[in-house]
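The following blocks contain the structures, represented as C-alpha cells.
Next come two complexes, and both contain chain A; in the first it sits with chain B, in the second with chain C.
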Partner chain A sequence: MRKWLIALLPLALTFYFASFIPAIAGGETSTATIEWIPSLDIQLSFYIDGLSLLMALIISGIGTLIIIYGGEYLAKDERLPHFYILTLLFMSAMLGVVLARNLIALFIFWELTSITSFLLIGFKHEYEKARKAALQALLVTGSGGLALLAGLVLLGLVGGSFDIPTLFQEAKSIQKDSLYLPILVLVLAGAFTKSAQMPFHFWLPGAMEAPTPVSAYLHSATMVKAGVYLLARFTPILGGTPEWHTLVIGFGSATMLLAAYIALQQTDLKRILAFSTVSALGTLVFLLGVGTPLAIKGAVIFLVSHSLYKGGLFLVAGSIDHETGTRDVNLLGNLRQSMPFTFVGAILATGSMAGIPPLVGFIAKEVVYEATLEESAALLLTGVAVLTNMLTVAAAVLLVIRPFINKAGELPKSPHETPLSMWLGPILLGILGLAAGVFAPAFGANFVEAAINGITQKPKTLHLALWHGWNTMLMLSMITVAGGVIIYIVLENLLPLMHRLRFNDVLSPATAYQKMLDGLLKVADAQTRLLQHGYLRRYVLVIVISTASLVGYTLVTLTDLASIQFEASTSVRVYEGLLFFLIMVAIGVGIRAKSRIAAVATLGVVGNGVALIFLFYGAPDLAMTQFAVETLTVLLFVLAVYRLPLIKEYSGKRVRIRDGLVAASFGIIMTALILMVISSALPSNLTNFFAEYSLPKGKGRNIVNVILVDFRGFDTLAEITVLAVAALGVYALLKWPTNDEKHANPTATQELDQL
Partner chain B sequence: MEVLLAILIGSLYAAGLYMVMRRSLVKMIIGLAFLSYAVNLTIFTVGQITRGKPPLIPEGQALPTEPFADPLPQALVLTAIVIGFGLQAFAIVLIKRTYQSVGSDDIDQLEKAASHD
Partner chain C sequence: MNNKAQSLILSTAIHYLVPLLLLFSVFLLMRGHNEPGGGFTGGLVAAVAFELYAISEGTPKVRQLLRIKPLELIAIGLAIAVGSGMIGLFVGDPFMTSLWSGELPLLGKIGTPVIFDVGVYLVVIGVVLTVMLALAEE
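Coming up: the complex of A and B.
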C-alpha cells in the first residue's frame, strides 16, 4: 500500500511537468531564479525548454513506475525505506541536472546524482562486490565530474557568464577562444564518464550489483543519459566544430559498435542489458557528434524510445530474477506460460529495441539511417549504424527466445506471474512505446519538436510520421532485422570464436582501473609513512627546514640586508654586557648538560636573566611575573625530575650535527629578521591610544595593568581559564595512580573518581 | 643593545629547537622553555625598547612622561609568560608520570611501551 502512496509524489511531478507541454510545444521557455551567490554570478536558477521538459517527463514518469515496482520487488527487504528515500533523492538531483540554468548549479546536481548512484549501487552493502562496484562507479564518474567542473569554470570565464542561455549567444567567441579545446576535452571527459563511453564504460556493467529497479532507473533510463543531456545542452555552445565532430563521433561510434558486440557474449540477463545500454548511449553520443538537424532528431527520438524499452526490459529482467531466482539465459525458458503479462511487456520492449513497426524504435532507426546517409562519410557511418543495429536486433531476439520460449533448465524457484505492481511498469512502458509510434505526428509535435529546438536553438517545425514510403531507409531496416535474426541463429557457433579472440579482455579497462587504484593506495601508503612517521622531532625538523629555507630565500633575494642600521641602536652598559654574556654561557651549558640539576640551573639562569632584561627596559611588571614564574618552574622541576636518571644523549653524532646546523640556521635567520624589523620600525598609534585613555577610561596609572584587566579583559579571563585547566591537569596527573599502584591499592582510582 | 638582544634571541631559538629535537624528555622540556623565552623577547624587542621608563602615569598627571616604554608588547608578553608557565608546569608533571609508567625518558620508548599494554 505504501508504495502507491509514495508513488503519488513522482506522479504529481509528472502531471506538473505535463502541464508545461502546450506552452513549451508552442515555443516558449520558462525560468525560475533564486539568488545563491550573486557576487560570483551563481544562481539557483531553473529553465524549462523542450529538451529539459522531455528529460523531466522521462525522469518523473519512469520514477513513478520504479517506486511502485521497487516497493514490491524489495518488499521483504528491511531497507526498503532507504530505497524510497535514495530513489526520490536521486530523482530530485536528476531533475536538477536537466532543469538547471546555471553552470555551477548544474554541476552540483550532477555530483548529487553520482553520490546517490553510489549509495544505490551499494544498496546491498553486506556484499563486497556491491561495495566495490559502488566505489568504482563513484571514482570513475567522480573524476569525470572534476574534469567537468574545470571545464564549466573555464567555459563560464571565457563566455563571461555562468548562465546557459546567455552562453548560447556567446558561442562564436567561445569557439574562437584558445581555451576552446581544453574546455571541450574537459566537458567531454565529464559527459563520457557519466554516460559510460568507452573506455570509461566498465563501471556500468559493475553497477548492475544494484537492485534491478535501480538499474532500470539510474543505469539505463535516466542518470547515464545525463552525459548525453550535457552534450545536447552544449551543442549550440560547443558543437559544430571539427574537434567536436572528431571526438564525439569517434568515441560514440566505437562505443556503440563494440558494446553491442560484447552484449551478445553475456549470459546474465542484466549484463546483456547493461552492455546494450552502453551501446545505446554510444549511439546517442554518435548522433550528437554528427549534429545535423536530422541526427539531432534521431537522437531525441532514440533517447525516448530507449528510455521506454530499456527501462521496461530491466523491469522484466528483475521480475524474472524475482520469480525464478536466476538471470542466466542458458538456464531460463518457457516463461511465456507462467508469466504472460511480463511476456507481453517483454515483446513490446524488444520489438521497439529491434525497430519493428509500429513501435517508436522503428521510427528512431529510420531517422538514424536518414541522418547517416546524408553525411559525407555516409558509407562508413551508415555501415557502423547498420552493424550495431544488427547486433542489437540479435540481442533483442535472444532476450525473447531464451527466457520465454526455449525449454527451461533446472530453475531455483518455480515461477509465477508477478503481482500487478510489478507487471504494470513493463506493460505501461511498452504501451507508451507503441503509442509514440502509432501516434507519431502527435508525439512529434508535442515532444520531439520542442526538444530538437532546445538542442539546436534554431526553431523549426517538424513532421513526424511512421510511414515514409518505400525508400532506402526502409530497405536498410529490413536488412538490419534480417541480419540480426541470422546473427542470432549462428550465435551458438560464433561464440567460441568470439571467446577465442579475447577481444573483451583487451577492451576492458577494468584491469587498468584496478591497477591504478592499487597503485594509488600504495603511493598514499608510502607517502603517509614518509610524512606521518609519528616522530615529533622529525616533524619539527621538517617544519623548521621548510620555514628556514622559505624565509631565508626571501631574505636573501627580496630584501636588502644592507638596510640594517646599527647606529640607531641603544648603547650597551657594562652590566648589560655582563648579563648578555652570562645568559649565553648558560644556554651553552644547558645544551650540553648531562645532569638534571645542571640543566635546571641553566634554565633558572636564562629565565632570571630574561627577567632582568625586562626590568632594565621599562617593564617591571614583566620582570616580577617572570621572577615568580621562574622560581615556581625550577621548584616544580626539581620536585618532579628528582628521581629521573642522568640526561642521556640517545642520538648519534651525525644526527646531532644535522639538528645543530638546522637549529643554528633558523637562529641566524631570526636574528637577521629582528634586526631588520628594528631598523625600519613603524610608529604605533595604539601606544598613544592606551596612554591617553588609560586614566580617564580605565582608571589606572599602570598602563600595562589597565590593558590587561580592562582593554583586553576578556583575553585575561581566557588566560586564567587556561591556567585553571592546566592546574586541573597537573593535579590529576599527580594524583592518578600508576599501573603498579592500582594493583597494590585498588581504592586509589575510586578515590579519584569520587573527586 | 638591540644587536646583542637579537643575537641572544637567535641563540635561544637555535638552542631551543636543537633541544626540542632530542629524544630525552627532560631536554625537550627545557628546549620548550628556551623557545618561549625567545618568543617573548622577540615581541618585546620588536616593539622597540626604551631603557628604564616604565609606562606609568605619575600622580597629578593625565599622561605618562615622554619617552616611555610601549605598554602594548608588555601586555602581550605578560599574558604569554603566564600561559607559558601553565604549559611548562603541565609538561613537567607529564614527563614525571611518563617516566614512572615507561621507566625511560627516551621518547622512542613510549611507542613500544604503549604497544605492550
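Coming up: the complex of A and C.
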C-alpha cells in the first residue's frame, strides 16, 4: 500500500510537468530563479524548454512506475525505505540536471546524481562485488565530473556568463576562442563518462549489481542519458565544428557497434541489457555528433523510444529474476505460459527495440537511416548504423525467445505471474511506445518538435508520420530485421568465433582501471609507511623541519633581510625582563627534567609565560585562550600520566644536539619572520574596517569576538566542524577494540582496517 | 576505572571550584561580544572545571554530572551553530546573515551571533571532554 502512496509524489510531478506541454509545444519557454551566490553569478535557476520538458517527463513518469515496482520487488528487504529515499533523491537531482539554467547549478545536480547512483549500486553493501562496482562507477563518473567542472568554468569565463540561454548567443565567439578545444574535450569527458561511452563504458555493466528497478531507472532510462542531455543542451554552443563532429561521431559510432557486438556474447539478462544500453547511448551520441536537423530528430525520437523499451525490458528482467531466481538466458524458458502479462510487456518492448512497425522504435530507426544517408560519408555511417541495428535486432529476438519460448532448464524457483504492481510498469511503457508510434503526428507535434527546437535553437515545424512510403529507409529497415534474425539463428555457431575475437578483453579498460586503482593504493601504502611511522617525536621533527625550511626559504628568497629593524621601539620594562628570565629558567629545567610530570609542568610555565606576553601587548582574548589551553593540557596529562611507563631511556648526546639545533633554527626563523612583519607593516584596510564596523554592524565592542562569530563566522563554523571531526577521530582510535577485543565485533574492526 | 586522586584538600576545594568555574565560563560566554571572552574561551574554562572534577572524583562522576554524552554535546553544539545561521534563510537573507533583537531586560540585545557563540561553547566542551574521558578511561 505504501508504494502507491509514495508514487503519488512523482505522479504529481509528472502531471505538473505535463501541464507545461501546450505552452512549450507552442514555442514558449519558462524560467524560475532563486538567488544563490549572486556575487559569483551563480543562481539556482531553472529553465523549461522542449528538451528539458521531455527529459523531465521521462524522469518523473518512469520514476512513478519504478517506485511502484520497487516497492513490490524489494518488499521483503528491510532496506526498502532506503530505496524510496535514494530513488526520490536521485529523481530530484536528475530533474535538477535537466532543468538547470545555470552551469554551476547543473554541475551540482550532476554530481548529486553520481552520488545517489553510487549509493544505489552499493545497495546490497554486504556484498564486496556491489561495493566494488559502486566505487568503480563513482570514480569513473566522478573523474569525468571533475573534468566537466573545469570545462564549465572555462566555458562560463570565455562566454562571459554561467547562464545557458545567454551562452546560446555567444556561440560564435566561444567557438573562435583559443580555449574552445580544451572546453570541448573537458565537457565531452564529463558526458562520455556519464553516458558510458567507450572506453569509459565498463562501469555500467558493473552497475548491474544494483537492484533491478534501480538499473531500469538510473542505468538505462535516465541517469546515463545525462551525458546525452548535456551534449544536446550544448549543441548550439559547442556543436557544428569539425572537432565536435570528429570526436563525438568517433566515440559514439565505436561505442554503438562494439557494445552491440559484446551484448550478444552475454548470458546474463541484465548484462545483455546493459551492453545494449551502452550501444544505444553510443547511437544517441553518434546522432548528436552528426548534428544535422534530421540526425537530431532521430536522436530525440530514439531517446524516447529507448527510455520506454529499455526501462520496460529491465523491469521484465527483474520480474523474471524475482520469479525464477535466475537471469541466465540458457537456463530460462517457457515463461510465456506462467507469466503472460510480463510476456506481453516484453513483446512490446523488444518489438520497439527491433524497430517493428507500428512501434515508435520503427520511426526512430527510419529517421536514423534518413539522417545517415544524407551525410557525405553516407556509405560508412549508414553501414555502421545498419550493422549495429542488426546486432540489436538479434539481441531483441534472443530476449523474447530464450526466456519466454524456449524449453526451460532447471529453475531455482517455479515461476508465477507477478502482482499488478510489477507488470504494470512493462505493460504501460510498452503501450506508450505503441501509442507514440500509432499517433506519430500528435507525438511529433507535442513532444518531438519542441525538443528538437530546444536542441537546435532554430524553431522549425515538424511533421512526423509512421508511414513514409516505399523508400530506401524502409528497405534498409527490412534488411536490418532480416539480418538480425539470421544473426540470431546462427548465433550458436558464431559464439565460439566471437569468443576468439574478444574485443572486450583485448581493449579492456576495466583492467586498466583496476591496475590504476591498485597502483594508487600501493603509492598510498608506501607514503603512509614512510610518513605515518608511529613515532610521535619523529612526527614533530618532520613538521618542524619542513615548516622551518619552507618559511626560511621564502624569507631568504622573497624578502629583503636587510630591511629588518632590530632596534626596539620601546625599552624593555622590568616585568618583561623578569618574565623572559622565568621562561628561560623553565626551558632549562624542562630539557633536563627526569620525570614526565616535571617536564609537562615546565612546559606549562612556558605557555603561561607566553600568555602573559599576549596580555601585556593588548591581546586579552588570545591570552585567555592560551591560559585555558595550558591548564587543560596539564590536567589532561595528569589524568593520563598514571598509564604511561616511567622514562627509561634518555636521548643520547647526538640526538640531543640534533634536536637542539632543529629547535634553535626554528626559533631563529620564527623570530626573523616576526621582526620582518613588524618592520614592513603593510598598509591594511582590514583593521580599520573591523574597528569601524564592529559596533554598528556587528553590535559588539569586542572586535576579536565579532570577527569570530559574525564577520568571519563561516570560518568559525568550519573550524568547529573540524574540531568535532577530530574529536570523533580520537574517540574512534581510543575506543576501537584492539586485537584482543576483536571478537567483540569482528566485522566492524575489519571495516576499520579497510579504511 | 578508579584513577581519582586521593587528596582531601583537592576534593574539598573542587566542590567550591567547579560551580564557580562553570559560572565563570557562562559569564565569559555572555560577555564575549563586548569584553574579552566568548564561546571558545568559555568552553575551555568549562572543560577545565570538568577535568578537575574528573581528577578529584573519577570519570564516572563526570558522566553523571554531564547527563549526556560529550559526543552528543558536540552534535547539539554544531546543530545550534548551523541553526543560528539558518534563521537568516527563513527571512530571505543568505545563510549566516546576522539578525538582532531589540534591547531586552537583563540580557541586552540578543542576536544570531550570540546563539552561534553558544554553539561554539558547547562544541568546545564536547570536544575536550570526549578526548579527556576517552583518554582517562582507556
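Here, the second predicted complex is superposed on the first by the 530 of 755 C-alpha atoms of A that agree within 3 Å, B and C clash if a C-alpha of one lies under 4 Å from a C-alpha of the other, contacts with A are read in each partner's own complex, and residues count from 1 in each chain.
The rule we apply is simple: a residue touches a chain if its C-beta (ideal position, glycine included) is under 8 Å from a C-beta of that chain, and two chains touch if they have at least 3 such contacts.
Keep in mind that this is a model prediction, so the values were computed, not measured.
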* Report for A:625: first if it touches chain B alone, second if chain C alone, otherwise both or neither. => both
* For A:721, select first, second, both or neither according to whether it touches chain B, chain C, the two together, or no partner. => second
* **chain B versus chain C as contact partner of A:734, first or second or both or neither** => both
* On chain A, which partner's contacts cover more residues, chain B's or chain C's? -> B
* Asked: Touching A:662 in the superposition: chain B (first), chain C (second), both, neither?
  -> first
* Asked: So, A:702: does it touch chain B (first), chain C (second), both, or neither?
  -> both
* Taking the superposition as given, does A:590 touch the first partner, chain B, the second, chain C, both, or neither? -> first
* To do: Figure out whether A:541 sits in contact with chain B (first) or chain C (second), or with both, or with neither.
  => first
* Asked: So, A:687: does it touch chain B (first), chain C (second), both, or neither?
  -> first
* Look at A:178 in the shared chain and tell me whether it touches chain B only, chain C only, both, or neither; answer first, second, both or neither. => neither
* Structure fact -> Check: chain A residues flagged as touching chain B and also chain C 620-621, 625, 629, 632, 636, 640, 643, 701-702, 704, 708, 716, 723, 726-727, 730, 734
* Any idea which chain C residues touch chain A in the complex? -> 3, 28, 32-41, 44-45, 47-48, 51-52, 54-55, 70-71, 74-75, 77-78, 81-82, 85, 96, 98, 100, 109, 111, 113-114, 116-117, 119-120, 123-124, 126-128, 130-132, 134-136, 138
* Hey, which residues of chain B end up touching chain A in the complex? -> 1-24, 26-27, 30, 33-34, 37-38, 40-42, 44-59, 62-64, 68-72, 74-75, 77-79, 81-90, 92-97, 99-101, 105-108, 111
* **chain B partner contacts - residues on chain A that touch it in the complex** => 534-537, 540-541, 544, 566, 569-572, 576-577, 580, 583-584, 587, 590-591, 596, 599-600, 602-603, 606-607, 610, 613-614, 616-622, 625-626, 629, 632-633, 636-637, 640-641, 643-645, 647-651, 659-660, 662-664, 666-668, 670-671, 674-675, 677-678, 681, 684, 686-687, 690-692, 694-696, 701-704, 707-708, 712, 715-716, 719, 722-723, 725-727, 729-730, 733-734, 736, 738-739
* **Residue ranges of chain A in contact with chain C within the complex** => 620-621, 624-625, 628-629, 631-632, 635-636, 638-640, 642-643, 698-702, 704-706, 708-710, 713-714, 716-717, 720-721, 723-724, 726-728, 730-731, 734-735
